[in-house]
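Chain IDs A, B and C follow the sequence of writing; residue 1 opens each chain.
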Amino acid sequence: MTREQRLKKRYASEKRFRFLGIGAIAISIFFVCLLLFKVFSTGSTAFIKTTIMTEVDFNKELLELGDVKNPTLKQIKEAEFFDVTYKAATGLFPYKNDEEEKGVKTLLSGNYETEIKNYLLNNPELLGQKVTIELTASDDLDQLHKGNFPRDIPEDRRRLNNFQLNVYDNLVEQGKIGTAFGNYFFFSGDSRDPEIAGVAGAVIGSFFSIIICLMIAFPIALMAAVYLEEFAPKNTFTDIIEININNLAAVPSIVFGLLGLGMLLSVFGLPRSTSLVGGITLSLMTLPTIIIACRASLKAVPPSIREGALAVGASRVQTVMHHVVPLAMPGTLSGTIIGLAQALGETAPLLLIGMVAFVVDVPSVPTDPSTSLPVQIYLWSESAERGFVEKTSATIMLLIGFLIIMNSLAVWARQKFERKW
Amino acid sequence: MNEHIVKSYDEQLSILKNTIAKMGSLAERQIKDATEAALKQDQGFADAIVGKDDRIDDLEKSIEQQVVNLLTMRQPLAIDLRETVSAMKISSDLERIGDLSKNIAKRSRHLDQNIVDDINKNFSAASVKVQKNVKFVLDAFLNRDAKLAEQVWYADEEIDTLVDICMNSILKCIEKSSDGSGAAACSQMMFMSKNLERIGDHATNIAETVYFLVTGDYLEGDRPKGESDIVSGQ
Amino acid sequence: MSNKIVAKKVSVFYGPKQALFDVDLNVAEKQVTALIGPSGCGKSTFIRCLNRMNDVIDICKVSGNIEIDGKDIYDKSVDVVQLREKVGMVFQKPNPFPKSIYENISYGPTIHGIAKDKTHMDEIVETSLKKAALWDEVKDRLDQPGTGLSGGQQQRLCIARAISINPEVILMDEPCSALDPIATAKIETLIDDLKSSYTIAIVTHSMAQAARVSQHTGFFHLGKLIEFDFTDKIFKNPENQMTQDYITGRFG
């Protein structure tokens, strides 16, 4: 083979290699884009809801407040709203029989009575007046309006019957159908009705879990790592500990769920389905990961720094606390954040400790029953209603958003506190 | 002696040693030839000897350059340092020996025919001893022989004695010649034998240098001197 | 001339491997003692015995006797922190803390409680930097990181850090090996100046440096002290053939 041939061959192989590399990256980017596209296209509509402009008559008589001169808020709150709400709902469209009446009523969300009541409570001066307010539409109307329900299939296979479709078309003509910010998705807990189901409970639950996880895992992991790296003698015992830590990092997360179930719930009798137990279980799971990250960043501190401190007469504890740990902080922090991000996305162990329960109320303390974001995704993805499909995707978007924020925080922390030496 | 890790260092040192050996053998030859020219009073031969001195001067310059190169390039230490520094010192001693031999040759041009045999005989004896010392001291240098160097050092006394005898015979000759016609030649002879004594001193210097080179110590004790006040000037 | 440090029959083991064999060596007070020898000969190991820096290594065992001012430093009653307050050390690679120049110097005095107040600390920082011939170069930027200085300045900062706690002995482990000739010359000048107030032991790979800065030189080979004598003698006419071979570049 001549020089030229060899040269040509080398160039060709380099080109091939580069092409393969670019190809690998392109495939990964393609799949990420596909996932994001799928999630976004399905989920983005969950952030808005369909509304119906409804006429409401806050008649004093109907509210049974006729003989009260200036009713207080408390009196309004305790007033009888049934007639008002019934009139408002049925007044949307003229109906002939009971069946049609029900058809008209169910175009509004199951929560319309509360919405009407709250509207008056927020604007008590409207008492005795007739007003038009925006009420949340039912899940079925919402999906129809967003174009997710095909209209040209037989009536018995549709969620909305012909009469309801007629009403919908009529309302659209009158300009009474509108859209609004999907406040239920962000600010309320779970519900059986997709149009009023939200992730607030899951977000707060996840938040409590992560905070508890951080408070338990970080100090324990840091102390364990510092001891193992800086003080522990190198012997068989510490070798066994090291192997076990590495091993635990690879143990499937569901095993930690079983541990949580067996220890925390059964032995210690902590309350089921709470973010307290969830946080403790997740901290057990992330502990090995954070220990490994902390040890790696402690190892990365050059020995010359330790020698320098020891040589001016610092004790070993002073050397570690004044120099080594501060220098290892960026790596430690980013390792911890990545560990927490892993915990944030974890479902399996939470299922076992009961965080999969149907919880309507948004938790206010870590000992309240709650779910978490990934569990919420799991729950909704199991539900039959079409409205939950977009909610599932929207929750995935939210979770991905949180993960991106946390991982960027890890990168930022690393760069911000990184010191050159 | 082990070899240096750097091969060219060894080469430089051996070239230096060879240059000194060459210079030494030239100087040795010059003494022998100058003595011969003086005894035979051969003008032509004397001129040739004077001419050859340039060769010795050139070699001295070459050694000086080699030493400077070694110092800058290798920063020699211990034995290498002593070798380098000794080479410099020995070469300047050899250069002086060459000069003194040249001087003997030059002066031999002014000698008359009527030098008495007695002087010639004594001069020749002193010269042979000087040549022997120079030869031995060069051998001591080449073979790193401290003992031989020490012997040369002590043997300088014999040279002084022989030069002393030669001087005495010259003095006698001056006293004998009533008209002073031989005085000019005799005074030349006087300087020539003094030169032999000086060459002996340089050989002694070289012996000291060789002794330092080999042992790293200095030759202790008083340097042997001739008893005669004529030679020592005391 | 008295001996500040007297080492007798010092042997060091790293696990089963013996790194030093019965070294007897004295370090003269207020003079510079240089230790030379090929890599891995034990000279650094020896110097690290003098401030018990080897204690950090679990498997390292030191036997024999090392006395500073007549007191055995491996005695059970000796506190290693107090020993290192007395015996400072400067390392091969400049290793300033990734903190400000001021904090680099003030760290030692702070942990030993040497400074009475802020003004006293300022004084200590200034005199340490002046002694290390660095004051004029850094006096306007004491709050800047010590790691931002040039290599030579960093090493002088480390020397200043070592003298900030006013030690009696300064150990230097190849302090110039990472520096250029100019920076090296400055450190050597500094060593010359420091020798009037401190006892210095220096490990070096540069024969010329040992010859320039030290009064005594020890040659180590394979964990043994082969020859120890006046520097002058070692470099002009060593007794031992091995020393001779090493310093003339004949080691094979």
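Here are some notes:
As a convention for this text, a contact is a pair of C-beta atoms (placed from the backbone, for glycine too) under 8 Å apart; a residue touches a chain by one contact, two chains touch by 3 or more.
These numbers come from a predicted model, not from an experiment.
The chains other than subunit C, kept in their positions, cluster through touching into A | B.
Distances from each chain's CA mean to the overall CA mean are smallest for chain C. Of all chains, the one whose Cα centroid sits at the greatest distance from that of subunit A is B. Top-ranked chain pair, ordered by C-beta pairs in contact, is A-C. Separation between the centroids of subunit B and subunit C, computed from CA atoms only, is 52 Å.
Centroids built from CA atoms put subunit B at 104 Å from subunit A. The mean-CA centres of subunit A and subunit C are about 59 angstrom from one another, to the nearest whole unit.
Residue ranges on subunit B touching subunit C, taken from their complex, read 1-6, 9, 74-82, 215-217. Of all the residues in subunit A, the ones that touch subunit C in their complex are 233-234, 302, 304-316, 318, 322-323, 327, 419-421. Residue ranges of subunit C in contact with subunit A, taken from their complex: 51, 53, 56, 58-59, 81-82, 84-85, 88-91, 93, 95-98, 107-108, 111-112, 147, 158, 161-162, 164-165. On the side of subunit C, the complex with subunit B involves touching residues 207-208, 211, 235-238, 243-245, 247-252.
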